[in-house]
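Consider the two complexes below, in which subunit A is the common component and subunit B and subunit C are the respective partners.
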Partner chain A sequence: MEDERIFSDICGGRLALQRRYYSSFCREFCVSCPRLSLRSLTSVTCTVWLVAYGLFTLCENSTILSAAIFITVLGLLGYLHFVKIDQETLLIIDSLGIQMTSSYASGKENTTFIEMDKVKDIVINEAIYMQKVIYYLCILLKDPREPQKISQVVPVFQSAKPRLDCLIEVYKSCQEVLAHQKATTTRS
Partner chain B sequence: MACRGGGDHVKLPSPPLSSVNPGSFATCPTSFHNICMVSDFFYPNMGGVESHIYQLSQCLIQRGHKVIIVTHAYEDRKGIRYLTNGLKVYYLPLKVMYNQSTATTLFHSLPLLRYIFVRERVTVVHSHSSFSSLAHDALFHAKTMGLHTVFTDHSLFGFADVSSVLTNKLLTVSLCDTNHIICVSYTSKENTVLRAALNPEIVSVIPNAVDPTDFTPDPCKRHGSITIVVVSRLVYRKGIDLLCGIIPKLCQKYQNLNFIIGGEGPKRIILEEVREKYELHDRVRLLGALEHKDVRDVLVQGHIFLNTSLTEAFCMAIVEAASCGLQIVSTRVGGIPEVLPENLIVLCEPSVKSLCEGLEKTILQLNSGALPTPENIHNIVKTFYTWTNVAQRTEKVYELVLSEDVLSLNERLDRLISHCGSVTGHMFALLAVLNYLFLIFLRWIIPDSLIDIAVDATGPRGAWTHHYPHSEKRDDNEKVSETR
Partner chain C sequence: MVLKAFFPTCCTSADSGLLVGRWVPEQNSAVVLAVVHFPFIPIQVKELLAQVQQASQVGLAVVGTWCHRQQESEESLGHFLEGLGTIFSHNPWLQLCRERGSKFWSCKATHHQGPGIAGVSREDHVILIFYDQRKVLLSYLHPPTILPDGQARDATASSEGLAAIFDTVSRSEVLFCKDQFDEGPVRLSHWQSEGVEASIFMELAKQASGPVCLLVTCLLSLVSAASACRLWKLWPLPFIASKLSTCEQLHHRLEHLTLVFSTQKAQSPAQLMRKANMLVSMLLDVALGLTLLSWLHSNNRIGQLADALIPMADHVAEELQHLLQWLMGAPAGLKMNRALDQVLGRFFLYHIHLWISYIHLMSPFIERILWHVGLSACLGLTVALSILSDILALLTFHIYCFYVYGARLYCLKICGLSSLWRLFRGKKWNVLRQRVDSCSYDLDQLFIGTLLFTILVFLLPTTALYYLVFTLLRLLVVTVQGLIHLLVDLINSLPLYSLGLRLCRPYRLAAGVKFRILEHEAGRPLRLLMQINPLPYSSVVRTYRLPSCGCHPKYSWGSLCRKLFFGELIYPWKQRGDKQD
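After this line comes the complex of A and B, so read on.
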């Protein structure tokens, strides 16, 4: 089963949430932001070049122009490779664990896997972020020595920052899987 | 009126027990408010304002309101925390400038405070303490956003020196367009009205309360001989000179009489002189400065509490002592006669002779066993100044405030210019306009519709509902003790 719904992020941008249910206890959630638009790319490039040209007319040194070209090219590459995340995926399999993948605009992928016996719970938490107070989804990890305590908090969908309605959707599905997982471990 | 006895409990509506089951909302007499308490001073910092905010919030939550607290971050305590019964506290990452008070630019806190007011759907902003700049900032922003505002003043100020002239001017500006002001005593009201040039009709008096569970009697801590306890700052106003006359007189007359004196101040030296002169080192103990948490342990050691104040607005010390089961002997000054009923207090004129007579009469009663037992006194006193009563009266202030209109920007500017002098008035009117423009800018960047509405922990739609059966039981208990 697969469906796609449109939500928004905390700044009002468009987000698409894709849900893929491979089986009832193996689910994938995929939050994708819109790709880098040609308009913003052109406007940033134009501003950098105009500033560079302004400086060039002031000090009449042509290295400024070549530097500006290098800066825009390198900046674009760096932005696509290290900053701009197009898609964030959360894959939860009840007997195995949780896998989080973030794919950058350049195609680079970053994957983290958390075993199920380390996961204590998945919760929605509140935080003060810049000049905002936001909700975020996070995975609580068990402390290996004291299973009752939490050793670490791993935020999910860190770059997309979806709003509460989207988070609740994901949260509810994850809780269903976790509840099933707990029931099976206590039975065995 | 500083309330006397349980007299005015009866008139007030009973706690909204119907908040327990959502089905009966329509029948509930009181409406519920979303209250935001703002102050720089909150736990983990310790003090009177902090405990006032906490206790008041807890009582308001039990009465079914939604309460959140906004303060600044204390070291590693930042972000959002929940306290008992789902009391939500925002520790905002603002820079602390001086004495736990944040720096103010009047604008920098607007984005965060606006975000919080919108997401929590706050209807009343209640600021505490005139020393807290965050509280004043919040009032300023709340008025810009068109929310209802209440301010509680916890302290007395002078008029003479430069710093108090400046703070009084700022207070005038801050309070001239605030909907309602609460003071903790009548002296405080008089002081605030004069300092901030206010209309006395918008100032209410709601006294502080004592947590009776903190001040419980413990008669086995008492020694065989009779002990008189004095706990006050050792200053002229507290009548320490009278005390110096009383001590030798009574000590000569009664061989089994001891004094315990707690507190510090410039008059300590004359007490020490008296002790030296009459060789009373073993019978008069000077404890020096006391922490608030140690006061109870000192009070329970005595039989009689002596208060020799020459002027007093509302004496909290005698309520605390009576709650510990001590018999009170006090001077008849200021608001003291209103604080306790006659059978619990012996009132004397502020003279050595009259106070000695009062004390002798009390000692005689004590020896003959005519006085009520400490438990009896405690049980009577604990119903007088309860936080539930404070919460009920504060609730009435909220209802009054919500029935009024918030000043529009025009009226607010007029008020500022006409009220605060031409220079200050125009300056702050300009700032108010700038703040309004900043708010419009913020609304354009992040419209209100983009701000997620927070999940309520307390109030009518509270998520922590499993706490309500418990609070219902407690409300019942309180009702029983009030009717007793």
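After this line comes the complex of A and C, so read on.
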């Protein structure tokens, strides 16, 4: 089963949430941000080149122009490879674990897998971010020595920052899987 | 709980047979290690499993059947496989089946409720997880599971999460040593090494490593015996040695060599990696040093360097003289105390004069000294760089002297001013109690104090200016030395072997695993592909960094500024004081 819904992030940008239900114990949520728009790319490039041309007319040194070209190209590559995250995926598999993947615009993927016996719970948390209060989904990890305590909080969808309505959707589905897990563990 | 079956990718095209593996009841998962083909005699299979179990301490069992429907007539085989469940009793009994022409597998897990009641069974959800046996076998999971001391080797396989799967596969290496083309009583299908290329060299190296290690250890013990000789303990020598970075570097390298060529086998993978890192960093060091040596000895570059060195020292001295003359006048329009200014300036000029004559006395020998220093590069680039840093320290000894004089004078003034300032407020420093107490002074004392305070205040700018200029010069030299030390440290501590391993064989250093969902069809078990998630480069460097020399002062910027303001001496004298504390 697969469906796609449109939500917005905390700044009002467009976000698409894809849900894939492989079975009752394996679900995948995929939040995709809009791709790099041509308009912003053009405007940044034009600004850099105009500044470079201004400097060139001032000091008449042509290395400035070539440096500007290098800076734009390297900056674009660095931005695509290290900064711009296109898609964030949360895969939750019952009794196995939770996997978070963020795919960068250049195709690089960064994956973290958390085993289920380390997960204590999944909750929605409040945080102060810049001048506003935002909500975020996070995974609470158990302290290996004291199972009742929390050792670490891992935020999910860190770069997309979806709004509360989207988080609630994901939260409910995740809780279903976790409840299923708890029920079967106690039974067997 | 959902049942998880870990299945090796290399067995997906194997013929039908039995699944051999380990059942982990805590996680409700079965790790399949190999497939036993038909025909077999059940007793022999059980014997084989018992042998492997004894060698590897892993509870191996027949966990189910594997049916690859390509040629066989399907009906008869199905019944036959079900019958096998009664011979090898295992709970739950897995029944994996791959059909012809279909990508999707069917998988059944049957729980037999009691031994007597056949047919009453419960079926579970199953997830099929494919893993690459070779990569899982060779990979080393980070962070390593910490076992209590003493039971690291002989403990039975752990059952903590995914580490259990890695552990099971790596412990069952005995099973993978059996050749699958052997005409033995039991035919197995599993991952098998395709043989090591150029293995004759590997064998020769293995044979040679023992004697080489012994020889090097003997040589090293000789060297360390010589360095422990009592002659070196005479008074000035240990002090000088502690100040020379070359000695520190040589000592550091000696320790590395002793560790690398020790005849003991590495206890753990981390230690093995440490040894390999040390060896590679040393080899790189020596290679770079030899390159430097060949560069220096071609085209008489040493002669050119020696010729250029004396004029450079002269030039520096000349610049310093100019600087002093500028300070003795009215520097930057400041009006100084003329008499003190002249005295200080003459004193420093005389010092420079002394230094220049010393350098000129040395000049005939400089080329020979440089030639010998160049030879030391064959011990490694780091040694050569340390010697360079020491030479720099010796050549700029006058700057250091100026700095010490300036700092001492300035410190004296600051101390005097602060104690006199307490006198004005009717307080004094109580040495016994280490605190400021109030005190009533006489009129005479106050008068003398005021006079001294005035004199000190008016003389302070002159001293402060000299102190400032020479501190800046000293800081420049210390920065250059620091950069050289940083380079040495980089070569010393960079884990090159681990980085190379991460670059060429990413699966060897695993940070964990990641799963990919394979194509799915409703009503069939979910299929996942388990891949190794390699450790990021930053944590490779953090985990495997070799300890550096540790001969640098560890100041924070704040404490450095404080020390500079109060005229306390910075590097290298203060470091010794810290050790005494």
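Convention: the second predicted complex is superposed on the first by the 188 of 188 C-alpha atoms of A that agree within 3 Å, B and C clash if a C-alpha of one lies under 4 Å from a C-alpha of the other, contacts with A are read in each partner's own complex, and residues count from 1 in each chain.
In the analysis below, contacts are C-beta pairs under 8 Å (C-beta built on N, C-alpha and C of every residue); 3 or more make two chains touch, one makes a residue touch a chain.
Only a predicted model underlies this, so the values are computations on that prediction, with no experimental measurement involved.
K.L.:
Superposed on subunit A, are subunit B and subunit C clashing or fitting side by side?
P.N.:
In the superposition, subunit B and subunit C stay clear of each other.
K.L.:
Could you tell me if A:F25 is touching subunit B, subunit C, both of them or neither one (first, second, both, neither)?
P.N.:
In the superposed model, A:F25 contacts subunit C only, not subunit B.
K.L.:
Of the partners subunit B and subunit C, which touch A:G12 in the superposed model: first, second, both, neither?
P.N.:
first
K.L.:
Contacts for A:E88 in the overlay, against subunit B (first) and subunit C (second): which applies, first, second, both or neither?
P.N.:
Neither partner.
K.L.:
Measure off the angle at the C-alpha centre of subunit A toward the C-alpha centres of subunit B and subunit C in the combined model, and quote it in steps of 10°.
P.N.:
100
K.L.:
Considering only touches as defined above, state whether A:A127 meets subunit B (first), subunit C (second), both or neither.
P.N.:
first
K.L.:
Now for A:L164: first (subunit B), second (subunit C), both, or neither, which partner does it touch?
P.N.:
Only subunit B; A:L164 stays clear of subunit C.
K.L.:
Going by the touch definition up top, name the partner, subunit B or subunit C, that contacts more of subunit A.
P.N.:
C
K.L.:
Please work out whether A:Y135 is in contact with subunit B alone, subunit C alone, both, or neither, and reply first, second, both or neither.
P.N.:
first
K.L.:
Upon superposition of the two complexes, what minimum C-alpha distance (Å) separates subunit B from subunit C?
P.N.:
Between subunit B and subunit C, the minimum C-alpha distance equals 21 Å.
K.L.:
Starting from the residues of subunit A touching subunit B, keep only those that also touch subunit C in the other complex, and list them.
P.N.:
Shared contact residues on subunit A (touching subunit B in one complex, subunit C in the other): none at all.
K.L.:
Could you list, by residue number, the parts of subunit C that touch subunit A in their complex?
P.N.:
Result: residues 1-2, 4, 27-28, 125, 127, 161-162, 512-515, 517, 520, 526, 528, 533 of subunit C touch subunit A.
K.L.:
Which residues of subunit A touch subunit B once you look at their complex with the stated criterion?
P.N.:
8, 10-12, 126-128, 131-135, 163-164
K.L.:
Using the touch rule from the top, collect the residues of subunit A that touch subunit C in their complex.
P.N.:
Checking each residue of subunit A against subunit C gives 22-23, 25-26, 28, 91, 93-96, 99, 101, 111-113, 115, 117-118, 181, 184-185, 188.
K.L.:
Enumerate the contact residues on subunit B facing subunit A in the complex.
P.N.:
Residues in contact with subunit A: 78-80, 90, 92-93, 111-112, 115-116, 119, 446-447, 450, 452-454.
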